Amino acid sequence: MYIAVTIAILIAIALGLVRAFRGPTLYDRIMAGNMIGTLTVLMVAVLGFMTGRPEFLDIALVYVLISFVSTIAVLRVYIIRGTMDSSSTGSGKE
Amino acid sequence: MSELLGHFNYWIVIILMMTGFYIVIARPNLIKKIIGLFIFQTSVFILFISMAKIEGGTAPIIEEGISVYSNPLPHVLILTAIVVSLATTALGLALVVRIREAYGTINEDDIHVQDEED
Amino acid sequence: MMDTVLDVLSWIFLLGGAIFLLVGAIGALRFPDFYTRLHAVSVCDTMGAGLVLVGLMLQGGLSLVTVKLLLMFYFMMFTGPTAVHALAEAAMQSKLKPVVDEREP
Amino acid sequence: MSKLQHAINLGLFLFALWVLLSGHYTPLMLLFGVLSTLFVVFLATRADLIDRETQPILIKLSVLFYWVWLGREIIKSNIDVTRRILSPGLPISPTVFTVRAGQKTELGRVTYANSITLVPGTVTMDVDKDVFTVHALTREAAADLKRGEMNRRVCNVEIVF
Amino acid sequence: MEHLVDIVLLGLLMITGFAIVRMRSLLAAAMLTSIYSLLSASLFVVLDAVDVALTEAAIGAGISTILLLATVALTTDEEKAPRHTPLLPLVVVIATGAALIYGTLDMPHYGDPAAPIHQYVAPTYLHDTPGVIGVPNVVTSVLASYRGYDTLGEVTVIFTAGVGVMVLLGYRLRRCNITGPGIRNLIVLRVIAKLFFPLILLFALYVLLHGDYGPGGGFQAGVVFATGFILYALAFGLGNAQRLIPRKLLRIMVAVGMLIYAAVGIESMLLGGKFLEYRVLADDPVTGQRLGIMLIELGVGIAVASVVLIIYYAFVSRHCQAPEDM
């Protein structure tokens, strides 16, 4: 049963990857990265239960904190200069 | 079939490694080269960790009632290697920043042209 | 008896969570522009993650494992919206125009 | 409450967290817990972070009621958004509008802004003092938010902070 | 069933790798690199390397991406097309790949317990660790005790790289007003950062001190600790962060971390053992081992946290310094 959830998460990650490839704006890619981060956290938690050693939840906890900080950092550190690539200043519509 | 699955991990690792290698040798952009190196490094990490895995084993943290553990030695090597990779990547990127300031470009082809002019 | 009930309940939660995660990912693909896609990500972050974590908590029972899952849940409910808000704000500041429905209601 | 009181509260909270995370209750580990807590509280004091907002004790009863209400809203709008994602015609009508937040404190406003974002179907795009710019997936979600029930409820719990 | 997850994750990694090759925008490539790193971190969990997964997630998906983006922001985003045809590189890559794949055919199968790698030192480590070292996490015992020399070397490399970045990029922050798009209004971030800053630091200390029992240790804790400060710097500005932890202090702390490590080694020599032979540190050899491991993990944690922060400061303060070159 855990495997069903894991497969669902893997499919969701694959869909997120498609979004990250297609963009079209930088923000879409950051958003996809953030979503894949959440999915990874859940997958690690489920995998811990699947292998029968759920005490490894520490890893998932670290992922939650790191993926949050890195999303914020990506937005702040890069966009500080205001140098957006031309594709991201468009309407964002495909 | 088991022959195929038995080496599947290693083959994918080699494909990843070659992807990184290709970026390093074919792309003139220095940041792209560093990304290529990053991919290469990560594939080496995966190679080592794949070798450490034992069928039916679990993480090498001793616990009552578990007898098969994966090999801890590659884990140790790779754990430190990851932190070292961060440090070296940072150094490489710092060099890229300085090259950009000195040459005004981070394209290797352009840098060669400028060097020849001097 | 009690165990079976809890087990079944936790499977329902886990599968429900998995479905919502998938729906969120599909939404992130189908929606027409960046801002609408954020709503799909919200589905993943709230319902998907929440249900999966509750399902795992039921499996964990009364133990430190459940406490850690609860902590993860708590963290996610704070970090998720903050990250989404930051994304929306940064996109808006860089003049990324949202697609707005112009039809009269 | 004085600053000292806040620091003590933060310390107690952090130590409780340590105990819950740790799972090893030897005297040595508990001693490490105390030392770590003291170190973190020291750093937080140095960072000038000790005030009411650092207090993670939002466990007062009325706040709990708010969370239950918010949870119900989240579930309702999740089901709504899910239906829209899965229906072939993609029946959405994105709108951007502003709402006024009635909260007095920063913490209250942030709670309101994050609650809006947490409910799928509405995302806070900008917080400018007490005017929030909100992006809604549908007109219905926008109308729902404009009715102001969430605003009122956050105002009510704000007094307890 | 773990095989299935393993295969799917590897497949996703491969697709991401190819996508990175094709991406012309460096920003997009950097974001994909972060996703690539997250995927490989979850692969490490599947392959039972929990300590490695913790490190990879903290470093690959976090700090590395931030640094890459900071560099892109300092240089340029668009990648020019290569001047040469990629034919020769392609031939070289395919030939190398084919040779390597031919080489794998002689390798033992994936997961084979009879593989030579599992026959020599690893069983000894696994068997002896509980009795001789007294910690359940074998990775920690090998890292800090059996292979203490190696780790000292690694810490030296990190130290050197930190010094190198400092020398290359300088370390003086020039104040400047940040303009342009971005998250301008920081209230939401500030309130959340106030709540999370102490939590992340406490969590880092927890990871440091529980490295004996579960995944964790000095390297991971150092990175998580630095992440806490990075969050602070993001929410309250680099200037405030540098008032909280000044550069001068960081420079001293890197050295202190290294010195703690080396001093433990020398102390054990003074007490009649060999370099880094912890069992002489206390009356009881097992207590000595645990004491030694704890101390060097502390040293590693301090050194890594300071180096990561130095690198972050160096890259981000460079941002403010040169507004005219864009």
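Chains here go by letter, A, B, C, D and E, matching the order in which they are written, and residues are numbered from 1 within each.
We take it that a contact is a pair of C-beta atoms (placed from the backbone, for glycine too) under 8 Å apart; a residue touches a chain by one contact, two chains touch by 3 or more.
The structure displayed is predicted, hence computed values, not measured ones.
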Inset, instruction - State the chain with the largest centre-to-centre distance from chain D, centres being mean CA positions. - result: B
Inset, instruction - Go ahead and name the chain pair joined by the largest number of contacting C-beta pairs. - result: B-E
Inset, instruction - Starting from the Cα centroid of chain C, hunt down the chain whose centroid lies farthest away. - result: B
Inset, instruction - Please report how many Å separate the Cα centroid of chain A from that of chain E, as a whole number. - result: 19
Legend entry - Computed distance of Cα centres, chain E from chain B, in Å: 13
Legend entry - Distance between the centres, which are taken as Cα means, of chain E and chain D, whole angstrom: 31
Legend entry - Touching two or more other chains - residue numbers and ranges from chain B: 58-59, 63
Legend entry - chain A: positions in contact with at least two other chains: 13, 30, 32, 51, 55-56, 58, 61, 65, 67-68, 72, 75, 79, 82, 84
Inset, instruction - Hunt down the residues of chain C that sit against at least two other chains at once, touch-wise. - result: 24, 26, 32-33, 35, 38, 64, 68, 71, 78-80, 82, 84-86, 89-90, 93-95, 98-99
Legend entry - chain E-facing residues of chain C, complex: 78-79, 82, 85-86, 89-90, 93-95
Legend entry - Touch list for chain D against partner chain C, complex: 17, 20-21, 23, 74-75, 78, 81-82, 85-86, 90, 92-96, 113-115, 117-127, 133, 135, 137, 139
Legend entry - Residue numbers on chain D that touch chain E, as the complex places them: 10, 14, 17-18, 21-24, 29, 32, 36-37, 39-41, 43-44, 46-47, 49, 53-54, 56, 106-107, 109-110, 113-114, 124, 126-128
Legend entry - For the chain E and chain B complex, residues of the former touching the latter: 3, 6-7, 10-11, 13-14, 17-18, 20-21, 26, 29-30, 33, 36-37, 40, 43-44, 47-52, 55-56, 59-60, 63-64, 67-68, 70-72, 74-76, 79-80, 82-83, 86, 89-90, 92-94, 96-97, 100-101, 104-105, 107, 109-113, 115, 117-118, 121-122, 125-126, 129-130, 136-139, 142-143, 147, 150-151, 154, 157-158, 160-162, 164-165, 168-169, 213-215, 217, 219, 223, 304, 307-308, 311, 314-315, 318, 322, 325
Legend entry - chain D contact footprint on chain E (complex, rising order): 185, 187-188, 191-192, 194-195, 197-199, 201-203, 205-206, 209-210, 213, 232, 236, 240, 244
